[in-house]
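So the structure is just underneath, and the comments pick up after that.
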């Protein structure tokens, strides 16, 4: 399917939406794995944090007491993978007591009424 | 452990609390399996429906279109298994638009402030 | 249209897999093409041939396997998610192939719609 | 005190199994007895020896197996829940035994406290 | 955009989350445990009527039948799985 | 009775459900994703303060550290896993 893709398609707009808190469920972690894989395909990738997904990029996580893998540093790798379109929903962030300086990455803040529009612009997107 | 039990223990008060809607997750179904197994142990069993668990005993379920097993008739077997202490939380039932005649069994209606007391009286209880 | 399906929950515990199966059947019946069903996170657990549900219940793995083989649909089980959960090619049933997560990206590039079934 | 533990969710997908493990270790360290850990619903998936997580992550099955064997704790995997999910004695790891759901009732009768870890 | 809601609105906030972002006129489909939100006579009925003022709200017949729900909030539209597929043909889809 | 809450109060109603039944004075433990309910400066802070007026509310240290949450609503009590075990020694336990 990969070869067919290269012949037939323009660069596709794809997005991963994080909406789950980390650790309580695996959605945020496997969403991040998905982002990093997607980055290898030279498409137009966006990443968006909404609802409890904003907690996935909070600074200061320390998982040593439980042995669970701390994946928050991996979000910083997005830049090295040339993923530059990183957004956060303002109302989700503010309701959850977070400011931009609390985050391990520097997303662009968007308003909630821009979220659906951003989803509509994609060829496809996934919510984790 | 069974033999030890018979020597050392009085009849134990045990309870299953249903608090999940049926089908969306398996909690209600596996809770019911647990009730029927418990009934074989000649203990003092109670069953309580609260929150979305009240939907587990709604009449009129028809699962033929999906092939998922319809387990609501099995609740009626509780009587045959001599499980007579069956309760439902009034506020949960009313908020969810149900009346006693909508249910496949005939639970006794209790008030919400009796729920914790009923839990405290048990040797152990499980929430499904 | 070209459809893709993503499933992130396992069989029986949640309705996600049942809903995805019914959706897939209805899409095929309407003449759509399903490019790929991608099993991710606990979704990988749908693929095990060791599954033995009660006789009066649906057999989720067999339903899926029949759908794949009768319609020639590609079912991909994410390798990393699978390994973490004890799924490998000694237990995957007919119609399921273990593959990389990149195949989900490829699906998102190729399909007109990818519908996600989750908890 | 005599403790029992009930786990109704699988490894990795939810934190329930991790929390139960940490709780069990702390209870043992305080001198409590754990009569039995009962794996029900998706909890049965904790028992598979086919589990191969990434090298830098915890290995949930091995953590549990070590806890069982080092402390002589009985781990019961519910047979009906297991069969439905593709778990049988060809895949269960050291320390896990497949058993009937009645063993959960027996645990509720015997234990001073049964703590449930769920989604 | 079609918004898919599959959790009970009595226990989960995913409908509220979705409504924060959904544009007026965007359709919403209730299926799985979300169909309890479509039921008439519950404490959520007034809230669902407000949702119906801004959105077409569909409910999946097969999941209604499975749960024995037959009385719906006025204005809810029933669809079966082929209808669900039809909605996805028309709209990109967000799974909350 | 000790009430265990493990879901985020932003996404789940399990805390509200529990509060309908919990007697005044019954302790509540927030762990796993519920620890976000213990965080200072969120939109839920006033609600949590009302809960604290009627209940001792504990929050699990290991889950706080894992999530990088350090500023807590005033009045929350931190416990580690041995403290969690201690609470279970004292109380029967309900897992919401």
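Lettered A, B, C, D, E and F in written order, each chain numbered from 1.
Just so it is clear, a contact is a pair of C-beta atoms (placed from the backbone, for glycine too) under 8 Å apart; a residue touches a chain by one contact, two chains touch by 3 or more.
Here the structure is a predicted model, which is why all the values come from computation and not from measurement.
Student: Identify the chains adjacent to both chain A and chain E in the sense defined at the top.
Tutor: Touching chain A as well as chain E, we find C, F.
Student: Averaging each chain's C-alpha atoms to get its centre, pick out the one most distant from chain E.
Tutor: Result for the farthest chain: D.
Student: Over half shared numbers or under half: where do the identical copies chain C and chain D land at their interface, same or different?
Tutor: Copies use mostly the same positions to touch.
Student: From the centre of chain A, which chain's CA centre is farthest?
Tutor: The most distant chain relative to chain A turns out to be B.
Student: Between chain pairs A-C and C-E, which one is joined by a greater number of C-beta pairs in contact?
Tutor: When C-E is set beside A-C, the one with more contacts is A-C.
Student: Just give me the whole-number Å value for how far the CA centre of chain D lies from that of chain E.
Tutor: 37
Student: Averaging over Cα atoms per chain, report the distance between chain B and chain D in Å.
Tutor: It comes to 24 Å between the two C-alpha centres.
Student: Centroid of chain A to centroid of chain B, CA atoms only: how many Å?
Tutor: 41
Student: Using Cα averages as centroids, what's the distance between chain B and chain F in whole Å?
Tutor: Spacing between the chain centres: roughly 27 Å.
Student: Going through chain C residue by residue, note those that touch at least 2 other chains and give them in order.
Tutor: Within chain C, the residues that touch at least two other chains are 12-13, 15, 22, 41, 54, 57, 80, 113, 116, 118-119.
Student: What parts of chain A, by residue number, touch at least two of the other chains?
Tutor: Residues 23-26, 51, 66, 68, 124-125, 127 of chain A each touch two or more of the other chains.
Student: Please output the residue numbers of chain E that touch at least 2 other chains, ranges allowed.
Tutor: In chain E, the residues touching two or more other chains are 6-7, 10-11, 17, 32-33, 62-63, 92, 95.
Student: Strictly by the criterion at the top, what is the full list of touching chain pairs?
Tutor: A-C, A-D, A-E, A-F, B-C, B-D, B-E, B-F, C-D, C-E, D-F, E-F
Student: Quick check: in the complex, which residue numbers of chain B touch chain E?
Tutor: Touching chain E from chain B are residues 20-25, 51-52, 55, 58-66, 68, 70, 72, 94-97.
Student: Please output the residues of chain B touching chain D within their complex, sorted ascending.
Tutor: 1-2, 4-5, 9, 12, 14, 25-27, 30, 33-34, 37-38, 40-41, 43, 123-127
Student: Taking the touch rule as given, give the residues of chain F at its contact with chain A in the complex, in rising order.
Tutor: Residue list for chain F touching chain A: 6-8, 10-11, 32-33, 36, 39-43, 45, 61-63, 65-71.
Student: Please give the residue numbers of chain C that touch chain B in the complex, ascending.
Tutor: By the definition above, chain C touches chain B via 12-15, 18, 22, 54, 56-58, 63, 119.
Student: If you look only at chain A, which of its residues touch chain E in the complex?
Tutor: The touching residues are 19, 50-51, 89, 91, 112-113, 115-117, 119-120, 122, 124-125, 127.
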